[in-house]
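Presented sequentially are two complexes of subunit A, the first with subunit B as partner and the second with subunit C.
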Partner chain A sequence: MFAGVASRDPSLYFFSSRVQELLFQLNDRQHDLVFKPRKLGQKLEAPQYVFMTDEDLDKERRRIEQRLREKLQVPPVLGPRKPIERVLAKDPRLEGLHDSKLVCIDISPDLSDRKRMITVREPDGTLRTANWNERGRINQIFLPVDGRTVTMPKMFEEPHLTECLDREEYVSVLDRACVQFEPDDPDYIRVTSATYDHVDAARLYERLQSTRHFGALAFYLAWHRRIDNLLLYFIQLEKLNQAVKLIHLYRLLRSAEPVSDQTPPTRQESSQSDGYSSSSDSGSESESSDSDSEGVQLDIIRDYIENASVKRPVLELALQNFQHLSAERRRVEREQRRADGRQ
Partner chain B sequence: MLCRSTARLCLSAGAALCQSAARPSPSAGLRTSAVALAGPVGAEPPLELRPLNKDRSNPVPVETSIAYLQSAAYRATYGSEPVWRSYRRNHKGHIPPRKTRRTCIRGGQLSTGNPCPACRDEYLVLDYRNVALLRQFVSESTGEILDTSRTGLCQVKHRELLAAMTKAREYGTLAFDVPFRVYDYSEYKPSAA
Partner chain C sequence: MSANELWKGVTGVSNAGRKRGRGRGAGVKRRRDLNRGQVIGVGKVNMMWPGLNAPVLRNGELVRQQSQPRDEQRESRLQAIRDQFTDQRSFKLTPLERGWSGNRLPGRSIGPPDAVDFETFEGFDTTVLELKTVFSMTATAGRTRHISCFAVTGNGAGLVGYGLGKGNTGMAAIKQCKRRAGQRLIYVERCDGHTVFHDFFTRFAAVRIFVERRPRGHGLQCHRAIREICHRVGISDLYAKVEGPTDNVQSITKAFFLGLLRQRTHQQLADEKRLHLVELRPEADNYPRLVASPGGAPVRSKEQIPADEELDFQLHIFEGKVPLKMPPKQPFYMKLPCYQTHLNKVKHLKNQEQVRVSLLAEHGEVRSFLADQYPECRAASAALWAEKRQAAEDDQEQDEM
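Entry: the complex of A and B
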């Protein structure tokens, strides 16, 4: 759950551009998987082959980059919502007029579903605003969203949810949860937390890679300070860039003041992270690009392992293995070059 | 294998449950390949051929159907193709009627020649838990439920299929795609304190 000990609000951190950029960079972003078509019963079209000039090609590449960002938009991470019911009027003289509640909704199409007026007249005459549960159902009846049901599907209840997760249908569950619930719905938080926990326990992070849910998974793990398994996964795949980004995300979410776009990186952050480019507010830190020295990245990871990790021996071993492997690789390359030179 | 001459299901699923070692007698009068029955040396015992059972008054439990779909009898009968692939409707003229027949089963018995793919094999139960069977009725490319013009199911069985698919989506036994939801972050951002 996102209610921590001090009930910190994750939404104060989630929307910062630095956090958003990190979540985007942590994703593999394989175009084939990101743009995989969804089977929604639509008529299939034949692919088109187009002749393009260089300018057209550049324009198309930029368009694809833009669409990539849209496809990888991370579902908002919010704390559980607070009750919204309040009594508007009490009319005891209306008691006995109706034997069921009456609901009023403003169906103007240009209103946001979260803000439109929905009121309920109880049989005893009380006029009150609708609670969140009622709001969800009434909105879906009058302004239906494609893919959403009025009542919560049984697949999100136990034991069916656990059965789905045991079948490793993570993306399917998460996609449906995004459509069915609002991000601050306690059911949404419960379902997504159960899914991320299952993925973390099974170490099946690649199932969520190149989907919008990987960013949410990384945020969840960093928020709850359980990044060790994911860090191990990145180290074993030799993706030190991603490992360093994950550590950076972890530190950002641990900081006491919520990260906003206006605050520059604190001195504490910049002293810890030597490899980071300095002070760019727009989150365009290109830390851990390939040109950064591996040594710097290893220092950052080692610093985390020593000070903040839970699974210290496993991580240290993995890091050692990586260093041996890369030393071996460099040695082989050197000998290859020498052999080529002799020829 | 299906006997096209008599349009009868030669290989009963009961064989899966009790496989006998006896070879089928040559006087059985069934034209089917003995190769499928004998199998390689040292494999499981050959499957038993049984006459067609028209009684549908005792429905088969779902668990049996799920086990049947993994069995050697099913594999020998249908191979790796969907169960409706080898079915052909009988009708007058070259264009089939728009709707298939209403039902193949009347009074608890098969009451037609050439029953539809789901009625002819009593061990094919359309249930939300029988995912291996349900998947055969979903289009690979668009995720739609196939129409009776392709599957040949009778109307009653087609409605059972639709009900099973709705329940499968409700309980999450069958994974399917949902539309991509675009969030307007401005609705969710905390208001500036």
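Entry: the complex of A and C
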């Protein structure tokens, strides 16, 4: 979990544009999965058809790229919120007037739900601001958000949460958590952490691929330094680009200084005690782009495996297998070309 | 009088009446052989008649006439035997075999067309759409009667054909129409294997049909004849409105076939317009799916399209015409002021169902926030009885301890 006073605040890293770009690149972004038809209880109509020129088609494609970015926007990762209760006044003479708490809320529509005034008068006469729990309930009663319930749904409590996860309903649990909770709600952090742990244990990363939750999963794993399983998954699928991006994300989140958009990456970034340094030959100054050669990518991955990985033997074996397969494929292609050339 | 004469008197129909088909069908008296189940010598009076139903000599002695006790069950036995031989021709059909009405043939399957040479008609099924008796006046015989059968056959994968057969008997007519339907097959293109490519209008004789494409799972919302044709073609989702004579099944079939043949596939539309054809589905966030691009000629650019050209898909399909869509008729009372009063009165009940469901989900019973304060007001429910049972068990445990 992200909880704890001593631990760092993930939000300082999450919102940097470099981290956001990495999270976007780590996603498969398959159009037919991102835009798959959703059964939301609506009445289906026959599809519409439009005649388009090449320009119209390009315009639509650009619109779709923009829409893709919106749909794959990663839900914000914040640390757990701090209590905001404070006593405004004490009036002991009001004791006995009421036998229940009275709550006041400012329902002006132009206010933010997080900032609007909500106060509570206790039966003993104390006037205080509402705590987060009360704020959530009262906001939902007077200014309801569609899909949210006033009380927490039972599916987020044990044992129901574990049952849902055992049924591999990851996306629906995460989607509902995004609707029900605020990102800094300890319950949101608990539910999402449990889901990501379950996905990681079952290695079912493909369930979250092409959804907005994959970025959050990658961030969570990188933050807690548990990227080995996901790295293995990428290597086995021969997605070296994404393996390298994951390692870059890991390095960025490990740096002592929160990543900001202004600070350029330097060699001192990953100066942690485990000896994983950025002194490899590969372009440690910059996050590699997709155009990096396979050799460079393999170097980066090997560097991580040797210095920072927990499951070193498994990863080395996977990398070896990939290299053998790659070499074999190149040999077959060469022979094919030679055979074609002879003909 | 002989049995024949007696029966003729009871069931008699004149010659002229017989020509008109009187004296046939259900409910009419039929002659029955009353001798069945009877033996000569045995009757209402149960007696031993030596020489008839008993031997003349028994152990060297003459047998005498003797009356025997009455057979009580004789009447009912004879009646049961006579009831057995009534001319009952009704039989039950399973729901899948049933046609449009009763045990009649329209709407029922008559199997695939008979094999001809190497063509075995595998996968084909034929449905009768019409089976009727028709008369025509001839010079020699006057009014002559024939049976007419109209059926459609298809393999559910695009091949379909209809045929009309006439004969003196039903069997002959059915055979002829099935053969003709199998001889006159056409191939119908379907979109995504389940529906037509686009809405269309078609007509034949006085019949006009407006056909609309529907999404997967919608079903066939149309005239029963069109529904059968769609089953044979392999169309599973469609809306069709027949205007004009809805009982003229043959015209409806011909109109519908014309419409299916004149459909334009997506590729054909893209080719004739020389533009890309893109599909937008609202449930998929209107993702622009490229369905067809022009084949031979290159795609036109904006400058090459004349200003007055129709680019709207629906208008292009209907060639400038628009089907008239009347707004759904509202009940008369919705305009009256008392309706608003009624709506205001029932407003508080609108959400009742949803509230009950969420209370059951949360508490296991329908209860108010006052239930804790006034437990005697809780309605009898599974949750309440579970609690009472638990309390009783706890009390028992306490007593035992």
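To be clear about the criterion, the second predicted complex is superposed on the first by the 314 of 343 C-alpha atoms of A that agree within 3 Å, B and C clash if a C-alpha of one lies under 4 Å from a C-alpha of the other, contacts with A are read in each partner's own complex, and residues count from 1 in each chain.
Rule of thumb we're sticking to: a contact is a pair of C-beta atoms (placed from the backbone, for glycine too) under 8 Å apart; a residue touches a chain by one contact, two chains touch by 3 or more.
Here the structure is a predicted model, which means the values were calculated and not measured.
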item: First (subunit B), second (subunit C), both or neither touched by A:Q42; value: both
item: Touching partner for A:T53 - first (subunit B), second (subunit C), both, neither; value: second
item: Per-residue touch tally on subunit A - higher for subunit B or for subunit C; value: B
item: Contacts on subunit A seen with subunit B and repeated with subunit C across the two complexes; value: 38-40, 42, 44, 71, 154
item: Contact footprint of subunit C on subunit A as seen in their complex; value: 31, 35-40, 42, 44-57, 60-61, 64, 67, 71, 151, 154
item: Subunit B-touching residues of subunit A, taken from the complex the two chains share; value: 9, 11-12, 15, 38-44, 70-71, 73, 75-76, 78, 112, 114, 146-147, 153-156, 160-161, 163-164, 169, 172-173, 175-176, 178-179, 183-184
item: Sites on subunit B touched by subunit A in the complex; value: 139, 141-144, 169-173, 175-185, 187-190
item: Complex contacts: residues of subunit C adjacent to subunit A; value: 195, 198, 212-218, 266, 273, 275-285, 287-288, 290-291, 299-302, 305, 311, 313, 316, 361-362
